[in-house]
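You will see chain A twice below: alongside chain B first, and alongside chain C after that.
On to the complex of A and B.
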């Protein structure tokens, strides 16, 4: 039936980092795009979240394909969290690809190839499949075998829906595929009209009590409603990269073994672009510009940046979101200084969202959310102590302490993490500042030792 | 009745009407399909069960008329074609009606609803990524 809503098929696997940002469920905005103080795992950063919300709406409307956004801020101020929030709120329909800046450096693939694959993973193509099927419950199968044992079999198949019942004459081929699928009376089946393929959906509820000895895998379904000969429409979303891959695979079986790691020829890409554009013009496909998120974008070098510059201008381009925690620094691979380690000409094209350090209250909130996420109960004093640690060292370090303190607490068979547990893990694990402090001292003594032995050797 | 409830009532009536419209179309497709299946059964029966020379009794309304077989076959085939076309038309109309209903109720439009389907060849080429 034309109006049947088909179950959604998720084609594009979402790459999610487990852990650090698993508590983010969205950007935490209300309908008017105003950020709520604490919502969907997000805390504070109101201005940047609002900015991200505006961008999100534009992405949803498909208005800003081929644009780029930079999220810049100090370490531990929620850059990745905002990107994750955008990804979560986009929903399953818009492709979202995440990669870290260093991921593109590999021996098997050139940097630009890795980047173009990432770009094309972030562009979805929506297409529709339409099939005529016959769907019904088998009332009766009657197969006449010729007395001689050989020769064509003939038969009849009676199918019904809740509305009607009809008899089909069966040819030899149909009979074969019916017996191959072990179709019997009471099964609900579909027959693809174009290919004649038969698939069993399950057994009808009305026949549920026919016999008790039934495998666990037997599925019971309702007798289909409506007409027997239905039209089924399925909408798929595939990424351009997936289409690239199957089309470059047909060239040689070698590509099969190396999976996606092989490089895809630019001719293949061009052909596919042409085909997809043709489909779009014929109304056969819709192009959904997705989101490509590049974390630690300062890891990219000059070649990558110039590639990005060019790729953003192509008409099949996703929204590019980048994140960096660098200030004015050298562009990788050159001696030029530039803000965020990104060339000025690329910076010029970006919408820049800044994140600012969390306040004490916000830190407290985030720690609370993480505690819930990691299933650790924290006493009020311990929470205060942890917040202080978070403010004085770093938020990340404080978050690390949650799970470790949780472990210590469980070891002493406590139910709630106390200040003592925090103190214990604080002394066990060093934060970055203390670690560098120790390093300096250690370095000194090490050097001293080295000079000692050296002098002894020479003497 | 004040103006507001008047308006609500009118809105609800419109939605109900649109929904009723959709249901009618659905039922129409069912009826047409059942007729199509009956015709198909008749064609099969004509092909296999009756010798060519014989005349067959055809039921018109509440009257049986003896007709030559070839003529009957021709008639039913024409009828089938007509039915096929009609079902297609109703389906097309049904889409517009469902869209209208969705719009009235403020539901978002179905994704990819207005796309043209890919041809079988094109689908075959994409088969391996669609069927995972």
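On to the complex of A and C.
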């Protein structure tokens, strides 16, 4: 037999892209809600984190549905980070919807419709439904990769119970999740037929061997009896918006896939509210008020604010968290000035959390965390230089420099980012202050300068 | 009795009939929102298809659940083709009635006849097909008996095996036979619309 070496095909799991707040895993509080200086990716901002923790506990108890919180502070002081931290610590079961203030301005939908949809996306309904599941012991799992190395994989899975055996054809997605769960012959698994969710129940007793090496958490279970496919009641969470879409007759449930849901009639919403309340009274469903986060809330205009005033009074309303970096400014859509660009009557309903600028020590910590997140090694001096840059320009600019400096360092085949790398990217990329300076110096040589004399109004 | 209550439900449902492709197609809409479709052969009056549909709990349109006849393969490869489905070599279970008995066919069962054990379980109200080589197992109830709340009778049950197909039949009890005849008479009285697309009033 010819022994040609087959190149090992590695399955590449989904690599998560590194987002600006990917390092945040929670609010970093202890059980007494006291903030730790550095924890779960959060640094400093002790007072505001503690305040957010109190809010979080109230959300968990279901107490402040229909109330609103405003996180206010200068740019780059961790407003979005705190909101993300709240989302992370709420867990996946509580609906969390995030949007930016300008997202609601669309030609296809009115502003208030977009806001109501966002509101209803943030309210979950936990409901029991019957689904079909497959439960059995894996006899054989066979996955064939095409010889060329590209194209769709095909697979077969043989499952059995004590009474019967069935062969299943596997699709691509299924193969992926089977290999992710590391399912092998002898495992007892269940597959939700509708969603394709796989859960491992344990190893079959018949496969137990004396000298098998296995983890302490491996459980042995009996091979299931009877038929492979069963109907079972499962609990799942849907948002009110999803129920709206399914029931809005003109669109049908296909609208969920195309994403184009259009406007939903208020009668439909009222009917659904009534239905859901009925379910709740009968104990068939449970309502979970989630969190709606509106970033850059000063971008909303007067109409939206008055809509919010009313929407917050409805009994089916989520917790609203808003963030803004504006001081006293014009309310959009009016000529009035107001703190944070929000009318006073709405401000009156809000709990306001303020964030303050980071100290040098905190900046240093954050840069360190980001370096770990982006997998860049920083020498001690480079770290100090970067912290200085962060203090003098902005934290965001310093964070931008991490990955660029990392690249420069890799190009010269270094393993650790040195001061020279930082200097190089510092000279390559301008920060906001230097860029403005440059503009002032060379204003005359830019295009269209000859007709325009006054500086542009950028508000 | 229970037979009456089911025939009463049938009578109170809104019905639309349609003659098409040599079949009499009837659509029923029940008061609880369930829908049922039946198709009869025009010449032999045999039931070819009976299927049910119900709104899902949160309001979406459910899938058709086939009770009698074959499940139609969907014309477009469905969305979940990337998921999991039975291999085509697996046994296929369908129900196809005759005038005098309920009948089920299980195709793709290439085992000798003495492997199969078919039994009625009156206490659990179901019929169980077992195989001694542990390759196939099926537990099913007869919806017609359930609806009329008639007892299961082991002596009415029989099975044969030929051409890789297991055929299980169960003699229809008297009550069912009379009910079906009455229903058929009733259906023939329904004014049926002819060929082509029709507005289904009950849908």
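The rule is short, and it goes like this: the second predicted complex is superposed on the first by the 311 of 459 C-alpha atoms of A that agree within 3 Å, B and C clash if a C-alpha of one lies under 4 Å from a C-alpha of the other, contacts with A are read in each partner's own complex, and residues count from 1 in each chain.
To be clear about the criterion, contacts are C-beta pairs under 8 Å (C-beta built on N, C-alpha and C of every residue); 3 or more make two chains touch, one makes a residue touch a chain.
Everything quoted here is computed from the prediction, not taken from an experiment.
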| After superposition on the shared chain, which partner residues are touched by A:286: those of chain B (first), chain C (second), both, or neither? | first
| task | Examine A:238 and indicate which partner it touches, taking first as chain B and second as chain C; both and neither are also allowed. | result | both
| query | Just chain B (first), just chain C (second), both, or neither: which does A:166 touch? | reply | both
| task | Considering only the touch criterion stated at the top, classify A:93 as touching first (chain B), second (chain C), both, or neither. | result | first
| Can A:174 be said to touch chain B (first), chain C (second), both, or neither? | second
| task | Please indicate which partner A:126 is in contact with in the superposed arrangement: first for chain B, second for chain C, both, or neither. | result | first
| Which of chain B and chain C A:196 touches, first, second, both or neither | second
| task | Scan A:267 for contacts with chain B and chain C and give back first, second, both or neither. | result | neither
| said: Looking at A:380 after the superposition, I want to know if it touches chain B, chain C, both of them or none. Which is it: first, second, both, neither? | reply: neither
| If you lay the two complexes on top of each other, which residues of chain A touch chain B in one and chain C in the other? | 127, 129, 163-164, 166-167, 169, 194, 226-227, 238, 242-243, 246-247
| task | Would you tell me which residues of chain A are touching chain B in their complex? | result | 1-3, 5, 11, 93, 126-130, 163-164, 166-167, 169, 194, 226-229, 231, 233, 235-236, 238, 242-243, 245-247, 279, 282-286
| What residues of chain B sit close enough to touch chain A in their complex? | 22, 26, 29-30, 32-34, 36-38, 40-41, 44, 48, 91, 94-95, 98, 110-118, 120, 122-123, 125-126, 128-130, 132
| field | Footprint of chain C on chain A - complex, ascending | value | 125, 127, 129, 134, 156-157, 160-174, 191, 193-194, 196, 226-227, 238, 242-243, 246-247, 252-253, 272
| task | Over in the complex, which chain C residues touch chain A? Could you list them? | result | 56-61, 80-87, 89-90, 130-131, 134-139
